[in-house]
Structure formats: structure tokens, C-alpha cells
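Each of the next two complexes has subunit A plus one more chain, namely subunit B in the first and subunit C in the second.
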Partner chain A sequence: MLILRFTLRRLLVAAPTVLGVLFITFMLVRIGHQDPVAMLAGPMADRAMLEMIRTQLGLDQPLFTQFAGYLWRLAQGDLGRSWQSNQPVLHEIIAHFPTTLELTLLSVGLGAIIGVPVGLRAAFRPNGWFDQISRVVSLLGFSVPTYWMGLMAIFIFFFLLRLAPAPMGRLSLEVIAPPTITGSLVIDSIAAGNWEALRSALAQLMLPVSCFTLIAAAPVVKQTRAVAIEILGSDYIRYARACGFSPRTVRRIVLRNAVAPVLTFIGTQLTSLLAAASLIEFIFAWGGLGHWGLNAILLGDFAAVQGYVLTLALFSVFVFLVIDLLVLLLEPRGQRR
Partner chain B sequence: MTGQAPILAVRDLVKRFPAAKGAQVHAVNGVSFEIAAGETIGLVGESGSGKSTIGLLVTRLIAVTAGSILFGGRDITTLPEAEMRALRAEIQIVFQDPWGALNPRMTIGRALDEPLMLHTDLDAQTRRKRMLEIADRVRLPRASLERFPHELSGGQLQRVCIARAIATRPKLIVLDEPTSSLDLSVRAGILQLLEELRKETGAAMLFISHDLETVELVSDRVLVLYLGSVVEQGPTEALFASPAHPYTQTLLSANLPPDPEAKLARHRALGEIPSPINLPPGCAFASRCPLVLPACREGMPASHELGQGHRAACLRIADGSNRLVD
Partner chain C sequence: MSIATTDSAPARPGVIGWIIGLARRSPTFALGFAIVLVFAVLALGADWLAPFDPVQTFPFAVLKPPGGDFVLGSDGNGMDVLSRVIHGSRYAFGISLPAGALMVVIGVPLGVVAGYKGGVTDEVLIRILDVLRAFPTIILSLAVVAAAGASLLNVVLVIGFLDSPIFARIVRAEVLALRSATFVRAAVAVGNPPWRVMFVHILPNAIMGAIAQLPVRMSWAVRISATLAFVGVGVQAPAPEWGAMIRQGAEFVISGEWWVATFPGLALIALVLGFNLLGDGLQDLLDPRRRATGK
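Now for the complex of A and B:
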């Protein structure tokens, strides 16, 4: 009951946010430099032709009229049509989203599994050798540009060492893809019992996931370390030590009390990394939502850009809601509210 | 002082912390004192005087640089952690900030249960009984045992911390500014409770505070700390009635009486409290003392006995010129 009410309230609060995102995205793509009409019509088109296309697309209307029409169609589940592919945007999103989700969830999941213990270990001996090393490695994850890291990974592991397969998409060209069920090649291959496809999909995932995990783990390490150090400096830990609790028990208390803030942080990371996925996807020719969205932005494909941003916004709302519900269940503060 | 052997004897305690560029912070500089069983010692001083550091050293939350701390005759500075753990039931600590001293994710009952679980072999039922007794004793509503810290008031939380500290029947309780973060009205109740508990349990108390009135109220004897050194110590009454060290005189004169009509004899120390990094030799107060002599900067002045264990470390006491006058 409490959870239901909490969820409803959060969704109500999120509605204006999403509306704001819609408005800003809609206006931003239209006041940019790109003129999709010129791109669509091609270099041979004359003035009359351009005007005709413009009218056809409704781009001659005042911006607010266009926005009202967009909202009206959106309310009916119509996200518009991509000018690039001439496909409904909704279909494109449904086709591309699982691909990105697979990559992102794997990387953020691995980033958390690696990042949290590393951050804790570093916090228990600040400035020790482990802390120093983890700090340097996470600094790399923070500061090395994504595209450069991707290109270097390809150069070293594919070109020099030949350990990784060619960075050309999600599956080797010699392998027959399993029938699409979830959109995740790993899950679909297992479902179809297609082990060759599974092996190829995992091999293709190796490099992008490694790069992405490093990027995802770095802030998790830093945050976990900071949270744990704060808890370690608290008087209740000091009391536990004065009272004679073993270092193991003290570590357990720290871990338990760090869960909620670290979980919240990973949630915020998940949403921002979904956007960051576009660069990784671009470099590894991944063809996911990020790749598609980045292309749409470069080509001035208005409806596609709007659909892309809307998907990210809704996903964020969803992730934050799930995280808040988890924290609500974990925290004594929440249960009595 | 009572005639019994001291429960705690601190000898020449020194604690230095490393600071930037190889410098050292001299937090505690050769402090010695004793606490008899059932006695309350007040430790007063400004921020940075090292009083809280002494609390942490006595509970062995941090290691000493030099000196010894004898608890019940055993030097706890060299005791292996395993043996120390058994002693920890007998030395308990209460912190200044009760909101931070309790695990926010643990019920009050659990917080009281933990030291009992760790230090006694009692079964859950007996522990529960003891918990209820203690809760009643510190006048904590029994219902609050099921609550989480954020559901209680500051005064109640400090009662929880005190309850937790007496649960294992300690011989020494270190109270690090236990009332400083509480409202004045709540403060009196806590002080009264501490006084009652001392009479009942016979636990000695090391009461650390910068609040002179509180210290005067609860302590049998008072130690005045300045920059890590004890400049004066003695029975509370004697020390407050006739402070001998210029620093103590300054400190006491800064304390405003509640009577707005009272005429204030205010003595001011010169300048600011110096940095405790790389202290010069001599009296710690020399740089601010209005009565400073050249000899004060040369070596630590010896302690002068003023009767009844009232001692002050000031060169001027020898010829009686140690009084500050307006």
C-alpha cells in the first residue's frame, strides 16, 4: 500500500519533468543549424521543391503549433517517423533499445561488482598501496576520453594481439543470428540453443564491455570509498571499536550502512551511462539505441532525436523509481514514513 | 582524593600527530593524572587543548606516542588487542554528538544489546531483562527500544548512549562533552543522571568539557589543559575559588556569571592560541601570558604544590606574583 502510494506520487512528480524534457528537446532540435529539408531534398532540389517538403513536414507552422501537434500525436502513441529510415520512431526504439540495455546493464553491473569491493578495500586503508593503485586506475576511467579508450582497445587487443574479434557489430558475420525474442543476443542465443552465436556474441561484447566497465567502475570506486570513509569516521564506528568489536564486525557495519547511498549513486550512474553508451556503440559499430540516437543527432532527424531523448528520460524516471523503492525498503527511515 | 589505589593512572602521556612536511602536531605533551575509583575528574580546556585526544588515548582508540596508561594496574598502551578487548567492557565512552554516536540503521534495543552480546555470556532473555532495567534506570521509555535513532530526541539519544555505556558495568566512563550538543533544559537532566549513576555504580568518570560551569558541578577534581599540557589541577572547590595559573585565571574570568548586574573582572590573554605544530620549549602559555618572565620560555615550569593536591605549573607562584590584576 505504502509502496503503491509512493510510486504514484513519484510518477506524478516525474510528469512535469518529462514534459520539460520534451519541450526543451523539441525546441533545441528546431533552433539548431540543421535544416532537414535541405538534406532530404538533396542538392538538386529547387526552391519550390524545398517549400513543398517543408509544408509536407509541417515545418512551416509556428513552433508552438508544431509542439502541440507533437504532444497530441505522442499522446496517441505516435512518436513520428524517422526521415532517415522512413520507419516509425517507436519501432526503431523498440528494435534498438535492448541492444543498448544489454551493453549498459552488463557494464554497469560489472562496474558495481568490481567497484564496490574495491572502494571499500581502499577506504579501510586510505593511502595504502591498494588505495593508491585503485585511485590511479579509476582516474584513467574518469579522464581518458571514451572514443580514445575504445580505439586504443581495438588497436591493442584486435590489431596487435588478435585477442578480440573485429569490432564490427554484435555478431561475427559468419554466424547466423538467433531469432529475435528479447533483442539481447546473449539471451536469444541461449533461448535458441545456438551456442555458436552465443560464443560470438560474448566475444564481440568483450572489448566494448571492458572499456565501458572501466568507465562505469571508476565513479563507483570513488563514491564507495568516500561513503565508507565517512561511515568509518563516525562516532558509532568509534564506539564499536571502543567497545571491542572485531575489525570484521566493523567492516560489516560499514558495508551495511553504505548500501543505500552507493545504490542510489549507481542508479544515477546507470542513467547517465546509458547516454555515454552512444560513443562506445559508435566506435564498435554496435547499432544500439545510442548509436542510432547519435546518428539522428548528426543528421538532424528531428523525430528520432526526440524519441531518443524521451526514451532516456523515461528510463531515468524508471530507474530512479526502482532505486528509491529499494532504498525505501532498506532504510529504517523509510519504513515508518 | 580517596585513599584507594587509582583505577586509572596516566603517566607522562604524549601524543603527536604527523602534519604536513614532516612537522608534528603536539596534541598531548607529557600529561599525568590519576583517577580513583568512583571519582569524577573534569578535564577542561579550549578547542585544540588536547582534551578529546586524551579521551581517545584512554579508551585506546588511538595509540600513544609515549607514556603509560595504567588501568587497574595494567598498562593498556602495550596490551595486545586480544587482551585489550576484554578490558573494553570496563572502559566505556560517551560522545558529544548522540545523533552520530548511534548507528542509524540499528534499533535502540539492538544498540543496547550489542555490548552485552559482546562482553557477557547472558542468554537473550537475561539480556533483555538487563536492557529493560537499564532503560528504566536512565528514564528511557521502554517503547523506545523498538525505535530507530531518528525517532528520538537528542536528550533521549544521549540517555541511550549513557545506558549503553553502563550496560557492561564499567569501572571507568569517559564522557567527551556529553552535554555540549544538548539544550540547556535537557542538560541538567543528563548531569543529574550521571551523578546518580556514579553513586550507584561507583564507576569513575573522566568528564571532558569546555563548559566550566558543568565541570564545576560534576567534578571532584579538575585538570586544566592548555596546548596539551596540564597547567593546573586540584580539587574543584579550591581551583575555582583561587585559580593559581594565569591561564586558569583568564579562563575562569571569561566565564560569564548568570547575574547581569555582576561586576566582571575580565582578564584577557594576549593574542590567539598558538599552533600546536612544533611547540617552542617552556611554558605553553608563555606567548600569551600577561605576566610572562624570560625564564618562562626556557623550560617547562615545575609544578607548585598549593595544598590538598592543588598544583599549578607557573614560575610566578614561588614569589606570589601570579595574580592577574586589572
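Now for the complex of A and C:
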């Protein structure tokens, strides 16, 4: 009951944000120097024809009416048609999303599994050797551009060492893909019992996931360390130490109290990582949502760009909501409000 | 002129003295400052320091490996990679400096006004910040620059605008804490108009966090502008911009000509690292609380 009420309240608070998000994505197409009408009509169109298309698209209406129309179509699940594939944008997004989600969640998960213990360990001995090393590595994770890391990984592990498969998509060309169920090749090949496809899919995942994990782990290390240091300086930890608890127990108390802030932080990171995924996908010819969205941006495929940006923004609003709920469950203190 | 004669005094006046003082207290700051300084020198002296013209082609020296005449090799057009990397620092500063200025000019006043006035102004600002936070910066700037046209000016404007909310947020928090301080109430009581209270009395006390954040956001600007160029929406190819150079080198990586993409990337990392260290160092120095906890 409490959770339901909390969810409803959070949804109400999120509503203006969603409206703002919708307005920005709506305006995105209209700030352009390119005229969508001219692009649709092609170079052969005369003025009367341009006017006709403009009226057809409703672009001669006042901005507010256009926005209302955009919202109305969205409510019906109509995100427009991508002109590069001539498919409804919504179908394209649904088809491409699981691919990106597989890559991102795998990397973020690994990044958290590596990042949290490293950050904790660094915090327990600030300025010790472990802290210094983890600081340098995470600083590199911050500074190295995603795409450059991908290129270097390809050079070293594909060209020099021949350890990784060619960076061309999610599956080797010689392998038959399993039937699509969830859209995640790993899960689908397990479901189909297609072990060869599973092996190929995992091999293809190896390089992009390693690069992506490093990028995802760096901020987690930094944040976990900062949070843990703050907790270690708190009165309740001093009390726990004064009670004579073993360092092991003290660490467990720190970990328990660090969970909520670290989780919140990872949630806020998820959006920007989903965006960073587009660059990783670009390098490894991955063909997920990020790759598709990036192509749409480059080609000026307006409806697809709108759909892509909207998906990312709404996903982040959704993640914030889920994280808030999780924190509420984890932190009894928050439930009293 | 008397400033020059006080050279041996422990604390030198002026900006240079301030920087030397900071560098003494924080090695992080010193290292970051040194790196940024090196790139600033490269950018200013690129015409004299670069061995070749960055866009001059040598048709008989295409994709030469590092060593010999071309210290860092030559690219697919037969241009000298070293000269192009050196000239690339011009683009890095040429974008990050005005973008950084824009972030401060837009973000700081917004933060001051919202924090001081409160009420509807504040509410509206917070809402806008929430909306912008939902978008990943990279994709939003990509989409906006692609839609508005890939010019240097547009890249600067987009980065400056999209990052200014961060400054508004930092300054707002500081102002909020200072709003009912005694010195502010005294300033109001003696009859200062609101703008004077905000910008003469509060602002100087609320700006430190923003100053420490500036190098970090400038490193972001360097990264984003390079990303834009790498994807192909920012600065366009023959121009010696690091991201554009990595893009040119990307096709050769798979066949083993690694140097075209590697060196501009290393330069980019070094400058981004420099800005970040500078920011980290400043934060340690300007925030007494962080200093006390031993980082």
C-alpha cells in the first residue's frame, strides 16, 4: 500500500518532467536548418507541392497546435515513420532496444560488481597503495574516450593477438542465429539450445563489454569511495568501533549503509551509459538502439531521432523511479515520511 | 612595478602568485596545471612548434609508420600526424574556453537569482534542470548540432548551453545556504538593492564551488567536441581536430596502421586528465572540509 502510494506520488512529480522531455524532443526537429518538407519532397518539387506536403504534415499550424498533435499521436503509440527504413519508429525501437540493453546491463552489472568492492577497499585505507592505484585507473576510465578505447582494444586483441573475433556485429557470419524471443542473443541461444550461437555471441560480446565495463566501473569506484569515507567518519561507525566490533563487522555496517547512495548513483549513471553505448556500438558495428539512433542523427531521419532521444529520456525517468522505490525498500528511514 | 621587486617574498601577489601558492599545497593541482600549461603553449605556438603544415599532403608518404621524417607517422592523406596533433590543441582550447565562459555566464547568474529569490523562479529552474538531467548530454548535443548544422560556433553554443545548468545548481545551493547569513541581512538592512546584494555581496562568497568545477566541465567540453567530430557532426575531417583525426584513423586500425588514431587519442586523454586533475586539486584546496578528511 505504501509502495503504491509512493509510486503514484513519484509519477505525479515526474509528470512535468516527462512533459518537458516531450517538448524538447518535439522542438529538436524544429530548430534545424534543414527543412523536413524539402527533404521529403526531394529536389524536383515545385512550390505548390511543398505547400501541399506542409499542410499534410500540419507544419503550417501554430506551434502549440503542432505540439498537441504530437502528444496525441504519441498517446496512440504513433512515433512517426523512419524514412531510411520506411518502418514505424516504434517497431524499430522495440526491435533494437534489447540488443543495447543486453550490452549495457551486462557492462553496468560487471562495473558495479568490480567497482563497489574496489571503492570500499580504497576507502578503508585512504592514500594506501591500493587507493592510489585504483585512483589512477579510475581517472583513466574517466578520461579515455569510449570510442578510442574500443579502437585500441580492436587493434590489440583482434589485430595483434588474434584473441577476439572481427568487430563486425553480434554474431559470427558463419553461425545461424537463434529465433528471436527476447532479443538478447545470449538468452535466445540458451533457450534454443544453440550452443554454437551462444559461444559466438559471447565471443563477440567480450571486447565491447570489457571496454564498457571499465568505463562504467570508474565513476562507481570514485563514488563508492567517497560515500564509504563519509560513512567511516560518522558517529555510528565510531560507536561501533568503540563497542569493539571486529573490522569485519564494521565493514559490513559500512557496506549496508553505502548500498542506497551507491545504488542511486549507478541509476543516475545508467542514462549516460546508455548513450555511451551508442559509441561502443558504432565501433563494433553492433546494430542496437544506439547504433540505430546514431545513424538516424547522422542521416537527419527526424522521426527516428525524436524516437531515440525520447526513449533514452523516458528510460532514465523510469530508472529514477525504480531506484527511488528500491531505496525506499532498503532504507527503513525513508518510509516514515 | 613594485610587484616585480618582491619576487623573493613567500607570497607573491597577483594571479601567478596565487597559482604558485596553490601548486605548493596540492601536487594534484600542480600536475594538472602543468599538463594544461603544456597544451596551452602547444596551442599558442603551434605555427612554430609543428614541423609541418597540419593540412599539407605528401602524396608519396601515405601511412608512413612513426619514425624518420614523420615522428608520429603520417595519415591516409599523407599529412604529418605530429603537426596535426599539435594543431589539434587549438581546437581543444578554441572550443573549451568559450564554452566554459558561456557555462559560467549563463549558469552562475541563474543560480544566484534562483537561490536568492526562491519561490516560482526557483521552482521553474529546478524543473528545467530536472528535464535536462533526463537527457544524456552526448546524445542531446549530437542531435542538436546535427539539426542546427555542424559549425564550430554551434558546437560551442550547444556545449555551453547544455552544461550551464550544472553551474546554476552548484551556485544555487551555495546561495541558498548564505541567504539568511548575517552579512547578507546587514547588506539588505543598509538599503542595498536586491541585484547589489546578490551580485556584490553574495556572489563572491558563493562562487568557489563553481570555480573548482570549471576545469572539470572544460574537460567535458573537450571530450564532447571530440566525440562530435569523431561521429562526424562536429569539426569536419581535414581540419586537425583530435576527434576528427581518430575518425580518420579508425578505418586503418583493423589493418594495423595504429598510429593515425592512437596519437590524437593520447593527446585528448592527456588534456582531459590535466583539466580533471586541475579541478580535483582546486576542489581540495578550496574546500576546507575535504582537506580535513584527508581526501
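By definition in this document, the second predicted complex is superposed on the first by the 304 of 337 C-alpha atoms of A that agree within 3 Å, B and C clash if a C-alpha of one lies under 4 Å from a C-alpha of the other, contacts with A are read in each partner's own complex, and residues count from 1 in each chain.
Quick note on the criterion: a contact is a pair of C-beta atoms (placed from the backbone, for glycine too) under 8 Å apart; a residue touches a chain by one contact, two chains touch by 3 or more.
Keep in mind the model is a prediction, meaning the values are calculated, not measured.
Undergrad: Contact-wise, after the overlay, does A:W148 reach subunit B, subunit C, both or neither (first, second, both, neither)?
TA: second
Undergrad: Pick one for A:G77: touches subunit B only (first), subunit C only (second), both, or neither.
TA: A:G77 sits against neither subunit B nor subunit C.
Undergrad: Once chain A of both complexes is superposed, is A:P62 in touch with subunit B (first), subunit C (second), both, or neither?
TA: After superposition on chain A, A:P62 lies in contact with neither partner.
Undergrad: Should A:N257 be classified as contacting the first partner (subunit B), the second (subunit C), both, or neither?
TA: A:N257 contacts subunit B only, not subunit C.
Undergrad: Based on the superposed arrangement, let me know which partner A:F159 touches: subunit B (first), subunit C (second), both, or neither?
TA: After superposition on chain A, A:F159 lies in contact with subunit C alone.
Undergrad: Per the contact definition in the header, classify A:S234: touching subunit B only (first), subunit C only (second), both, or neither.
TA: first
Undergrad: Could you tell me if A:F245 is touching subunit B, subunit C, both of them or neither one (first, second, both, neither)?
TA: The first partner, subunit B, only.
Undergrad: Hey, is it subunit B or subunit C that touches more of subunit A?
TA: The larger set of subunit A residues in touch belongs to C.
Undergrad: Touching subunit B in the complex: which residues of subunit A?
TA: For this pair, the touching residues of subunit A are 234-236, 238-245, 253, 256-257, 331-333, 336.
Undergrad: Residue numbers of subunit B touching subunit A in their complex, please.
TA: It is residues 59-61, 84-86, 88-89, 91-93, 95, 97, 100-105, 107, 114-115, 118-119, 148, 150-151, 161, 164 of subunit B that touch subunit A.
Undergrad: Mind pulling up the subunit C residues that touch subunit A in the complex?
TA: Those residues of subunit C that touch subunit A are 127-128, 130-131, 133-140, 142-144, 146-149, 219, 223, 226-227, 230-233, 243, 246, 249-250, 253-256, 258, 261-262, 265, 268-269, 272-273, 276-277, 293-295.
Undergrad: Within their complex, state which residues of subunit A touch subunit C.
TA: 16-17, 20-21, 24, 28-29, 31-34, 126-127, 139-140, 142-148, 151-152, 154-155, 158-159, 166-167, 229, 233, 271-272, 274-276, 278-279, 282-283, 293-294, 297-298, 300, 305, 308-309, 312-314, 316-317
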